[in-house]
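Chain nomenclature is as follows: A, B, C, D, E and F, assigned in order of appearance, with residue numbering initiated at 1 for each chain independently.
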Amino acid sequence: MSEEIVSELMRAHVYRLASTGQRVDGRRLDEPRKVSVARSFVKTAEGSARVKLGNTDVLVGIKMSVGEPYPDTPNTGVLSTSVELIPMASPTFEAGPPRPDAIELARVVDRGIRESKMVNMERLCITPKEKVWILFIDIHVLDYDGNLFDACSYGAVAALSSTIAPAKGQGLGDDFPLPVEHWPVSVTTAKIKDLLLVDPSLDEERMADARLTVTTDENGDIRAMQKGLSGSFTYEEVKRIIETAQRVGRDIRPLLQSS
Amino acid sequence: MSEEIVSELMRAHVYRLASTGQRVDGRRLDEPRKVSVARSFVKTAEGSARVKLGNTDVLVGIKMSVGEPYPDTPNTGVLSTSVELIPMASPTFEAGPPRPDAIELARVVDRGIRESKMVNMERLCITPKEKVWILFIDIHVLDYDGNLFDACSYGAVAALSSTIAPAKGQGLGDDFPLPVEHWPVSVTTAKIKDLLLVDPSLDEERMADARLTVTTDENGDIRAMQKGLSGSFTYEEVKRIIETAQRVGRDIRPLLQSS
Amino acid sequence: MSEEIVSELMRAHVYRLASTGQRVDGRRLDEPRKVSVARSFVKTAEGSARVKLGNTDVLVGIKMSVGEPYPDTPNTGVLSTSVELIPMASPTFEAGPPRPDAIELARVVDRGIRESKMVNMERLCITPKEKVWILFIDIHVLDYDGNLFDACSYGAVAALSSTIAPAKGQGLGDDFPLPVEHWPVSVTTAKIKDLLLVDPSLDEERMADARLTVTTDENGDIRAMQKGLSGSFTYEEVKRIIETAQRVGRDIRPLLQSS
Amino acid sequence: MEDIEHIEKEMKLINSDGRRLDGRSFDELRPIRIEAGVLRRADGSAYIEWGGNKVLAAVYGPREAHPRHLQDPARALVQCRYNMAPFSVSDRKRPGPDRRSVEISKVISEAFSSVVFKEQFPRTSVDIFIEVLQADAGTRCAGLTAASVALADAGVPMRDLVTSCASGKIDDVVCLDLNKDEDNFGDADCPMAIVPRTGDVVLLQMDGHLTYDEFQKAMGLSIDATKRIYEMQRDALRRRYSVTLEDILKEAPPAAAPVEPEPEQPREDDFGPEGI
Amino acid sequence: MEDIEHIEKEMKLINSDGRRLDGRSFDELRPIRIEAGVLRRADGSAYIEWGGNKVLAAVYGPREAHPRHLQDPARALVQCRYNMAPFSVSDRKRPGPDRRSVEISKVISEAFSSVVFKEQFPRTSVDIFIEVLQADAGTRCAGLTAASVALADAGVPMRDLVTSCASGKIDDVVCLDLNKDEDNFGDADCPMAIVPRTGDVVLLQMDGHLTYDEFQKAMGLSIDATKRIYEMQRDALRRRYSVTLEDILKEAPPAAAPVEPEPEQPREDDFGPEGI
Amino acid sequence: MEDIEHIEKEMKLINSDGRRLDGRSFDELRPIRIEAGVLRRADGSAYIEWGGNKVLAAVYGPREAHPRHLQDPARALVQCRYNMAPFSVSDRKRPGPDRRSVEISKVISEAFSSVVFKEQFPRTSVDIFIEVLQADAGTRCAGLTAASVALADAGVPMRDLVTSCASGKIDDVVCLDLNKDEDNFGDADCPMAIVPRTGDVVLLQMDGHLTYDEFQKAMGLSIDATKRIYEMQRDALRRRYSVTLEDILKEAPPAAAPVEPEPEQPREDDFGPEGI
């Protein structure tokens, strides 16, 4: 628990450094950490990707099965996103049902994918009102060093883009790659006092006042946003954060697309 | 918690007053509080009623859907009653799965309705053994100032009597009002030492030794009873309580029937 | 809780006695307690048995119903084993969902029956891929005086061997006894320092370093094993324990078979 | 299942000669057999067979209440857990408490709360466990009656035993102690529990349809029956404790001196095919 | 259900004259009615009707936080529980929190955390309960707006009220305050909450598809609307407290002096068929 | 699914030349690769690929045990949580522990309890986490073997590493280290874990059908294999710690001096498409 108390001294140090445009790990304020993507890590999954964002490490597996559509969307496949914050990844994570943190995380990742229409879910309808593909995105956080929103989102996007639907095993014709049509990229910014830091590390995240995640697509359009933590943003800050998210998103997108 | 400790002084005061036939709020010992009923408060429900019994305030919504009957009652609709003691209503209520108090409450309200045959459940059979109407009585306690047994029961009766079955939306002919045939009224009496107080307020309830709920129908016949708390009644007391419940029930019934 | 702390003195006493080949209750080291079996104790069950192993007392009921087979075993009935360590049986048992102890116990009993092919589960297939008999083994521990592994296993075997499948009530021809083909017997040995004690009593179990359960069939073949507790065995000890389990199993088997 | 409709319509629960389907008259109890002291680990226990019901009751305590924040600094908690074994009913019951069990546990806890001398044991709990092994209607009455004997067997100081019985209405006749068919197809059921020495009603529930007059008839039958059942409870304790308890039960148990079983009394270690 | 496909394709949400299906223009709020102090047990409460939404909010605290290990020795916890009644939506919602409710509870808790003077009440919790009784899109904004009034009614010291509103996009037009059909068949929804006096954004979520330009239009509409809603919040408090609070709200509430309702103020004990 | 019946009947798991379907002989292990120190937050970690299994193990502690009432004043608790990722098996596994995982967690906890010097760390817990990322039979052996390396990587003082392997019977032949098809269609499986230096058996389970003679053959194969796996465990630690640990592992680790990783040792921050 004491690990969770970041001393005011540390906070002052990070802030003083940041006011001169620097960060503890040498990045600029608007610079994300290095992103590494390894696809098809798990053979038992229909698609998978392991993503490192700095030292944050997540593994995402996609499973597909055939089931019923929701009554109000009879012509579209079903998407289900879960995040498990397994206790392996951090001394502060505990086993048990997902806590509000994990639920928010899963729902924000899910919205980025769903609202950007990344996967054409209508093409995952098999028989309207009766049979559709169900897509499970399971996100396993292995090592937590800050900014799970982006790491999990990158993992999900990369895993989906490597997914082959197992149609043959279901007697539904040939296996086919998921119909991916858009490329959402999530970029999270933390606010410490009056400074904005892109892709906060664990230490930065712990001392942040507020957080804003912005997911943009390949046109720079906004597909999802989520503000978090108990601080606030000015409207001007919100606009600056969106502009940064558009720019950083453009840099990261190719890393998720390349196979 | 200290709120829950009613001082012996208060108990002595209430008892002394009651031994002269009076109560703190000016009622006679066998006099219930004022009952107010507002029907059709909630448009998203098939029926609803908001009932105030003194300052106790409950909202009851009825939802109907089509489902399978229980195998041992293939010709009757299904009735399901839940009570949520939401933490809004009292500092002593907590979020979470229903505790024994809420379960007992829901089951006693349910028995009053079920055993009085208030709603003719056989007329809610659509196709024997296959399709029947399922009636959900959801009781939301908004403000708790004593005697939930009666407040919840009045709310359920009033809500049911305002319910229109959404048959048309299910392709089952015209919408129709629920077939209401009887009018159960629950009357709860608390015992403090050797005195019997009808419709106990919160303070009276807290210092009560025993409680007896008696539900009678429009003929004065008994349809359900439930004794509670760790004290006891003499048989003579039980009989007096039933007689009072019959009389008070006659007074309250019209309030629940009027629409 | 203090009840759970067995004094080192007691441990020293039991060990000293055992090094001369004796036990507190007069048994030899390789001698199980008396086994009593009462069949068909519960009329509401398809089969049942109450077994006492010394003062350990368990009641096992078998219920059968018709359901779907697992997709990967379309031609075999389904077996489901649960153990409830009800708080009646010991001051250390608590109400609530099964704890790891109860889960391990149920799984080890289940493996002994399943792996020995005691019941021919293929003969419990009604229509391949569609309808099979489901066999519920519910083990109720009534009085806990040590070695539940063997007591529960004996109860399950005896109850199964008295079970009559209620085919007639399901319109599936005449009732029939379960097709029992093998007779697994579980024998558990506890290790205290370097000594091995068969069928440990509660006091012996509390001070044991390690535990090994070996289930053998009527040919002396091994059908299931489970090592427990935080101590270890040498390979030589494992072999001695198996040989004892074969011998003791031969003595106990007739008690489970007789009806 | 095919014939339920038929049964519902045709079921005659009382013959032309006034006998019930199991041959009993309207005021006749099913056979009852009570045995005290049947478990070794529990501080007190009892087994009851009541018609087709087989119920086991056990008592632990007074013992330190857990978790601590539940402790009452002024008195003992009296807590009952009523539970049905999965195999005790015709359709297997999933393990764990359902809503019905939670309610029954609550009303039985309250019934015993009024007779246990709780003030003698602050911060403790008296835990009562009732396990229904085979059910045939009236399990709460059978369980309560057995638990009462188990409390005495555990030496928990009480004002008196509690005795329980139900009456109901079938084919418009008020009858004592309904069995399962009578409960399923009858018109009303009214379980109660009483402190026999004082007549105090400590449990009372009712569902169905009774006129006030019928209710009084039902209570009359039940009160009468509890006298007979009370004797059976005392007999069970007498058989277990030979002399001692009999003497004690003639008087009210002295509040400060819990009943102690004779330590030399051997417990039964075996049982016949019907016994427990 | 038969016609959903049809609806999805054909649904025109904006008429040729630029009016929405319920007759509103693109920058028009649904009717809003707020009432403060509607519950007796809660320390503060408010009821809001906002279009077809009916939402009740209550506040308890600052009170000792439970369980103890959650207490923060330096400040109060601000905890919100957003809940939908089972009958508040067209298909009955099972009781208990679903994942959506958990997320909404979290973001509302965070929104209020930035305005409550938490440091004045270490080891306590301020508990906010929002109950959606009837839902018609925008329940989180309605709940937040009502909870803000309930906090003031409870006398919890705050920097300012929080005011919430959403804008979205339907038929490619950026519109204020979507109703249920517009939310279901529209293209984007963007709920926000703001501290009106400072313009600080304390809640911001968005899903759908907005260009950066459209986002700024939506925020413009919402910010404008919060000014009107803020007045309604203040009116509700004025109606409840006549003079006192009105004076106070002209200034920032002094940090150390929680707003106290006038003790003589009678509460409404009754209501009409529409009211609460 | 159509052909399962067929498979069950026809599946030949051993060829006429004595080779298994994946080409191995009866006493041959699948390929094993172990890497130590692969996670940053955990105090110790290891990754293992064993045939088609991919398993990650992490260790935290000794750290203060939570909740407090579980603390043992005389020694550390050794607690393992074995978990399968939802995507690690062909049919998606629902998140959260099933009964199988609970049992495996228990027997692995017990296996490590006998080698960790628990008395040195009263009131603490040593928490071992095993995550199966891709499963192909033998996951508990792989997990235990990796966890052993993670414990050493965390510097937890132990009598020795624990090494695990299974043998079984397929087509009536006793074979080492069954893969998934062999496990599904074989006749017996017998996982064990051993302390290589002393030969102490700390985990032993078996299901299926083995004569006593076959059991001894299986144990012989497993014991022999653990010697080879033990070397791979030591190699993984040697690669991570160059010299230090190698020297230490030649001797028993001195009880009071936990193994410390060299602080300057950089951790891998990247990986190839196959690695972790």
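Operating definition for what follows: a residue touches a chain if its C-beta (ideal position, glycine included) is under 8 Å from a C-beta of that chain, and two chains touch if they have at least 3 such contacts.
Every value quoted in this text rests on a predicted model; they were computed, and no experiment measured them.
A.B. asks: Enumerate, in label order, the chains that touch chain A and chain F alike.
C.D. replies: Per touch definition, common to chain A and chain F: zero chains.
A.B. asks: Fewest touch steps from chain C to chain E?
C.D. replies: Shortest path length, in steps: 3.
A.B. asks: Please identify which of A-E, B-E or A-F repeats the interface of B-D; the criterion is that more than half of the contact pairs agree.
C.D. replies: Interface equivalent to B-D, from the options A-E, B-E or A-F: A-E.
A.B. asks: Report, in whole Å, the distance between the mean C-alpha point of chain A and the mean C-alpha point of chain D.
C.D. replies: Once rounded, the distance between the two centres reads 59 Å.
A.B. asks: CA centre of chain E versus CA centre of chain F: separation in Å?
C.D. replies: Comparing mean C-alpha positions, chain F is 53 Å from chain E.
A.B. asks: If you average the Cα atoms of chain A and of chain B to get two centres, how far apart are those centres in Å?
C.D. replies: 49
A.B. asks: Starting from the mean Cα coordinates of chain C and chain F, work out the distance between those two points in Å.
C.D. replies: That gives a centre separation of 28 Å.
A.B. asks: By the touch rule stated above, which residues of chain B touch at least two different other chains?
C.D. replies: Residue numbers touching two or more other chains: none in chain B.
A.B. asks: I need the residues of chain D touching at least two other chains; which ones are they?
C.D. replies: Answer for chain D, listing residues that touch two or more other chains: there are none.
A.B. asks: Can you give me the ring order of the chains, beginning with chain A and going next to chain F?
C.D. replies: Order round the ring from chain A, first step to chain F: A, F, C, D, B, E.
A.B. asks: Which part of chain D faces chain B closely enough to touch in the complex?
C.D. replies: 1, 4-5, 78, 99-100, 102-103, 105-107, 110, 113-114, 190, 195, 199-212, 215-216, 219, 223
A.B. asks: Inside the complex, what are the residues of chain B that reach chain E?
C.D. replies: Chain B residues touching chain E: 34, 36, 38-45, 48, 50, 52, 55, 57, 59, 61-63, 65, 82, 84, 86-91, 95, 97, 136, 138, 140, 142-145.
A.B. asks: Residue numbers of chain D touching chain C in their complex, please.
C.D. replies: Touching chain C: residues 39-42, 45, 52, 54, 56, 58, 60, 63, 81, 83, 85-92, 95-97, 127, 129, 131, 133-135, 269-273, 275-276 of chain D.
A.B. asks: Under the touch definition given earlier, write down the residues of chain B that touch chain D in their complex.
C.D. replies: Going by the criterion above, the answer is residues 71-75, 100, 103-104, 106-107, 111, 114-116, 128, 212, 217, 219-235, 238-239, 242-243, 246.
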